[in-house]
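Note that the chains are named A, B, C, D and E in the order they appear, and that numbering of residues resets to 1 at the start of each chain.
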Amino acid sequence: MDITSIGGIALGLAALMIGIVLEGGNLGMYVGESALVIIFGGTIGATAASFPMSVMMTVPRLMVIAFTNQTYDIPMVIKQLVSFSERARREGILCLESELVNIKDEFLKYGLQLVIDGTDPELVRDTLQTKIAFTGERHKLGAAVFKTAGGYAPTIGIIGTVLGLINVLSNLSDPSNLGEAIALAFICTLYGVGSANLVWIPIGTKLEMKHKDEQIIKEIMLEGVLCLQSGDNPRIVEQKLKAFLSKGFAATINTGVK
Amino acid sequence: MDITSIGGIALGLAALMIGIVLEGGNLGMYVGESALVIIFGGTIGATAASFPMSVMMTVPRLMVIAFTNQTYDIPMVIKQLVSFSERARREGILCLESELVNIKDEFLKYGLQLVIDGTDPELVRDTLQTKIAFTGERHKLGAAVFKTAGGYAPTIGIIGTVLGLINVLSNLSDPSNLGEAIALAFICTLYGVGSANLVWIPIGTKLEMKHKDEQIIKEIMLEGVLCLQSGDNPRIVEQKLKAFLSKGFAATINTGVK
Amino acid sequence: MDITSIGGIALGLAALMIGIVLEGGNLGMYVGESALVIIFGGTIGATAASFPMSVMMTVPRLMVIAFTNQTYDIPMVIKQLVSFSERARREGILCLESELVNIKDEFLKYGLQLVIDGTDPELVRDTLQTKIAFTGERHKLGAAVFKTAGGYAPTIGIIGTVLGLINVLSNLSDPSNLGEAIALAFICTLYGVGSANLVWIPIGTKLEMKHKDEQIIKEIMLEGVLCLQSGDNPRIVEQKLKAFLSKGFAATINTGVK
Amino acid sequence: MDITSIGGIALGLAALMIGIVLEGGNLGMYVGESALVIIFGGTIGATAASFPMSVMMTVPRLMVIAFTNQTYDIPMVIKQLVSFSERARREGILCLESELVNIKDEFLKYGLQLVIDGTDPELVRDTLQTKIAFTGERHKLGAAVFKTAGGYAPTIGIIGTVLGLINVLSNLSDPSNLGEAIALAFICTLYGVGSANLVWIPIGTKLEMKHKDEQIIKEIMLEGVLCLQSGDNPRIVEQKLKAFLSKGFAATINTGVK
Amino acid sequence: MDITSIGGIALGLAALMIGIVLEGGNLGMYVGESALVIIFGGTIGATAASFPMSVMMTVPRLMVIAFTNQTYDIPMVIKQLVSFSERARREGILCLESELVNIKDEFLKYGLQLVIDGTDPELVRDTLQTKIAFTGERHKLGAAVFKTAGGYAPTIGIIGTVLGLINVLSNLSDPSNLGEAIALAFICTLYGVGSANLVWIPIGTKLEMKHKDEQIIKEIMLEGVLCLQSGDNPRIVEQKLKAFLSKGFAATINTGVK
């Protein structure tokens, strides 16, 4: 569970509700089924029309990613790569074949397999970099879906409010519930701006952040795999990999290499 | 037929209509011929003034592209390139001449023709990359037409509404149908914001997405053609080409090479 | 005459006027001399303050460029370059001196002169690329003047409207022509948003488009001149130059080279 | 204490307060607890949902950085590097080991340690550049948190105002305190736009500026360390390092090297 | 005196004033001391909080630069460089030492000094490019201060207007001068949007333009100094340097070299 995703959205909604109550309003007043239909139908429609089916199908999986925790255990990856480089120097690179089954990360596994197969170093670098670049493209696309929805939602909200106001203005002959009708129209603006700022845009930004984290770990792995292949001294391997980290964080990692 | 393009726009419009009915409005109230003239005339005029004739002439073809399905059969392309590389290694590169008639994609055909003609590898890469880059420029221009229209539409909508309000304000002496006249003025805002968010911007975004898909397949073809020419081992060809794909997707492709 | 520039702006204005008439307004109502002074004085003032005198002096020439047609006859340029490369291979590069008088394009003429003078190929490339880059900088600056004006106009419009509203609000004691006074204030918004979206921004975008067209033709010329100098086979010259074009367009060019 | 951070925000708030008093308002009127809850709860919630926990945890430290003064003593760093290069040329690079304890900056210390350890120059450059690049990524992330909050705050303000207006419109039957209720609703807009423009965005911009300053000093250190290692003449070292500075500033630095 | 800076701002202000008079308003009505305090205090406060003290201190000097004329006499610089290259070829590079005292531009002087000192060409290029790059960074920062102020001003204007409206709404019991009070509130919007569009943004844009002009002249100087050092033929030097200019402008320069 990603605490800030859930907690942040909950905090935002709670703040709005407490604000309403403090102002003496009642929450039921802010529920409008027509506004719900307009905002969510309109936002989803405009977003679906903007992206191909194949991308829209990944949305549920993207939401799971946004709301769950994928912590990359960077210290463990660095320790692992340093210990591999020690073993590879002592026993030769082929001995790493037995380690492959213990590696969970597909990217690292794939890179090590290439090295064990004796692939040319240039090709290893090219293949892994192409993988990082194209995975990045796909992830940016995922974040773009939510950011795009966050761009459509407020304008759909305005459309809904204008729809409502036109309705009100065309029936001015009945002024008894004028205020309430205008209030109803503004609920669309509320839902549009609210869903954009408390749901769509935060999820899109969060996905971008998770993508950056993943990219750093993959670049560490790429660097590590290439060091392994070129038979670098484990101390140098450690130094190279720790350069990706902040000073404080790097200091917490003890690979045991001297 | 591109389901998300059609379905997304339909869903968006349906949501607005259901919203209107739920609020007790009637759909006829939202039809304004003057607003139609102002919004579509104004948007098309401003967009036409922004782009050269030659680009504007491609708009109908671009709309067909946005609303139809161009699935690139990436697995088939990879299989084909791998099988070509096997045949080229066995029988020499000239034997591929007989395959040319079966290739539908013009870009791949062109690249293979260059290789069969014995063009210098550097020139093959340069020519194909120039082709990818300039095709990309043209595609971005196409998407830009719709995005530009999506930028003009809401402001033309505001112009229309201000036009209407000025009309109303100048005739305040007749307050009987004041509400209706203001409502009419706001229909311009509705059409402007609505057409931008449910038609122009989604089509522009969709064209950008389709362009990205096409670029990936062309980069795979370029890589494949260059591998062919340099006589790479089919297994390496497969590995290089699969690096462009997501892990799950790459696993579904079986070229039969060992 | 550039039909889309003139026609687009005319279509936009016509749409607004037809819209006014359809709503039963009268066109005279939308003429406000104070609004004209505020919007055009304000926009021109802010834009002039943003750019140096030397750039502002090019504005009339830029407007001529935006409204006239500079079609680059790409097929003719390619044919010419291919025929030059044929002649240069047969008779030596110096024979091209006699062709120089027939070339209208200054850039191509300059490039050929460099080659005939026996300038070092690296220097030819550097000099021509510097020319393309700095011409590009100047053209972007020209488009930026109009885009900047298009950014100032709507806000100057808002300033004008607020000016008018303050005037109205300070004289509420005379409510007889209140509506008309407010209407007058809104004419500023109309002129500001209208001039930006139907004149300034379209002209700026059009200039950017024309710049891109010119850049492509210059890159074709640069490539062609370098091919000429290195004595490339005319067929290869043709192939290299056609790579800049779309498939359909390239097919329409027949240089007669075999 | 960073005077412009504290002073700027104080000046902005003071200007608003003096403005209120000059207009005959009273400050107590602008305090709204519901608005406080909505704006700060909503902004913090949306921002927290956008960033991972690990980034949110750095916010207090970032605020300390924004409000305190980290002056980089560039002249001292340049003098130090030049004197190191003199000593290294005379006594060999290992003699710098004794200087390490006097160096406070962790980045410079790390770079010198690498050089003293006899690390390959390419690896020194790579490692230090990776450090600069990834530190830059982390700093941009920090500034992005505040800029993002500054983007959410005004829209949360609009949400709060719409919430309040809906409340007012639904209770039009009680018009006695209508004005006051609407005023209360607008306090949300005030807090949202105000907090964004006087707190969040200035802090974000300030952090970006501090990051740029830090990057320049680190590039000077990187250049200096590499000069040291390659045994450059101290006069050349000084020349290279001063090229990073403005003319006037460079003239104030006297390293004593001839 | 930079005529377009002064004249543009004057023209903009004059247009607004003529507009007011044409609408029958009186200029005194638009003077509000509280609005002045809010807008200028708020804008300066927010901007100061965004930039470090050292950057804020350069603001007065930047305003002088924006409002005065720094014409770069490009033809003279090119003539000078060409004549230097002639003399250097005839009499050797050291003879240029006597010319140094006549050079006013610090950048050119510095470059020539490097060449006369016999600095390695690579180091000359590196040092001068670092100088251009970091001067560019400082200039962009200067322009950014004004652009940032231009971004804050309109929102501070809105804050001021909302402040005023809240004041009005809380005192609805006294409707006699309601209109005037609302008018006063809108003066803040006027000052905010007006100062941004007629002062801050134009000055920021103008500084960017002046920076671009300066960068071109410095790149010409860099190129010229390197030509000098490598002993290029004066005719080639002239050709290389003129490639930076527009065709028409280049034709006006006669260096007398044959």
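The rule we apply is simple: a contact is a pair of C-beta atoms (placed from the backbone, for glycine too) under 8 Å apart; a residue touches a chain by one contact, two chains touch by 3 or more.
Bear in mind that the values here come from a model prediction, so they are computed numbers and not experimental data.
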Query raised in the report: Among the remaining chains, which ones contact both chain D and chain E?
Result: none
**Report entry** Separation of chain A from chain B, taking each centre as the mean of its C-alpha atoms, in whole Å
**Finding:** 25
Query raised in the report: Which integer distance in Å separates the CA centroid of chain A from that of chain E?
Result: 40
Report summary line: Each chain touches its two neighbours in the ring; listed from chain D on toward chain E, they are D, E, C, B, A
Query raised in the report: Residues of chain A touching chain D in their complex?
Result: 2-5, 7-16, 18-20, 22-25, 29-30, 154, 178-180, 182-183, 186-187, 189-190, 193-194, 196-198, 201-203, 205-206, 209-210, 212-213, 216, 236, 239-240, 243-247
Report summary line: In the complex, chain E touches chain D at residues 33-35, 37-38, 40-42, 44-53, 55-56, 106, 114, 119, 123, 126-128, 130-131, 134-135, 137-138, 141, 148, 152, 155-156, 158-160, 162-172, 184, 188
